[in-house]
Amino acid sequence: MWHQEEIHLSERPRGFHLITHELVGALPWLAECERGLLHLQLLHTSASLTLNENSDPDVRHDLDAFLRELVPEGLPYFRHTLEGSDDMPAHVMASLMGTQLSLAVRSGRLALGTWQGIWLGEHREQGGERRILATLSGQD
Amino acid sequence: MWHQEEIHLSERPRGFHLITHELVGALPWLAECERGLLHLQLLHTSASLTLNENSDPDVRHDLDAFLRELVPEGLPYFRHTLEGSDDMPAHVMASLMGTQLSLAVRSGRLALGTWQGIWLGEHREQGGERRILATLSGQD
Amino acid sequence: MWHQEEIHLSERPRGFHLITHELVGALPWLAECERGLLHLQLLHTSASLTLNENSDPDVRHDLDAFLRELVPEGLPYFRHTLEGSDDMPAHVMASLMGTQLSLAVRSGRLALGTWQGIWLGEHREQGGERRILATLSGQD
């Protein structure tokens, strides 16, 4: 079985956001898949997708704080500055975190670890709506 | 063909560990796959999976040393500190390295480059046993 | 449908290179795939694959400049130094960026976002030819 669907996420503030439930809610055909893989591709280059802790919001705060320190705005060797001082750091963060994930599916559900959740990293101050293309392949 | 199996790795010390042979040994059905993809998902958020050099243990030492310098314990803006000073750095490293890999399969074997091996990154001092969910899709 | 093919990329200078068109040109069977996933695995450990901005070459310059600052040559705790001072930094960058990508395919084409392109990160001064193993699974 193959399914493919584009999911639209409303604008979120800069930082990391737990989107597991919103994504799964938009993919009802997941429930029909006994064994497979769900591929998620963010269609942007200044935001990211990563798997991390699904419980304490402080973990999301801390990873965002770490990245802001690691990739500050206004680095003297940055040339790509016309789209705003937060733009080039956002491109760097997108490649450090990644923009695509493949996730195991088992018995109609994402086979995440107990503490795993899907995070959207919004790395722009005003990133606007974000789109994810979800592709499922598997056995029903 | 689809196969799915959970693999249990015994506790390892903090650092990177080459696990290619242990993983392949646990997946006998790989040999039946003429062409496909093996997906590996670590079911944890304070350890990682990455592809890197399979020969000189110094490479594993050096990447671990680099990450310990990059993400030190006790950063003043970390809020998630109740689970130990190595916990939040481990979450950061997990997202920097990644926790899932898709690997090409060809003629019944992982189609790794000559120098490529699968590394488990254990980022906690006492991470305990780690579980990987392996999913194979392919042609026999 | 399954297809698998090894692609050879000629030597490029150190830095990031946009390779979307070269890759797609080497995979004519992509056009027959209505819905699927293209997996790309770089068969090396001192270069990388990442998705990022496909238009302004300054973005590629800036990410490379950032990584050279982040992972300088000659760090005092590096032990893996016999293959040249650029070698261990290249291994670090390979794991930070990643060496494999899965990309959605829709209506015979890569379903990239408007601004997304596939980048090869060449992290050695003289990395030589690089090989990518491309694996497509999907519906025709």
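Note that the chains are named A, B and C in the order they appear, and that numbering of residues resets to 1 at the start of each chain.
Operating definition for what follows: a residue touches a chain if its C-beta (ideal position, glycine included) is under 8 Å from a C-beta of that chain, and two chains touch if they have at least 3 such contacts.
In this text the structure is predicted, and so the values were computed from the model without any measurement.
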Quiz item: subunit A-subunit B contact: same residues or different, taking over half shared as same?
Solution: different
Self-check item: Between subunit A and its twin subunit C, rotation from the CA superposition, multiple of 5 degrees
Solution: 120
Practice problem: Using mean C-alpha positions as chain centres, tell me how far subunit A is from subunit B in Å, no decimals. | Solution: 20
Practice problem: Give the residues of subunit C that touch two or more other chains, as numbers and ranges in rising order. | Solution: 70, 96, 98, 102, 137
Practice problem: Using the touch rule from the top, collect the residues of subunit B that touch subunit A in their complex. | Solution: 2, 4, 39, 41-45, 70-71, 75, 77-80, 88, 91-92, 94-96, 98-100, 102, 131, 133, 135, 137
Quiz item: Where on subunit C is subunit A touching in the complex?
Solution: 35-37, 50-53, 56, 58-59, 61-63, 65-66, 69-70, 96-98, 101-104, 106, 111-116, 119, 137-139
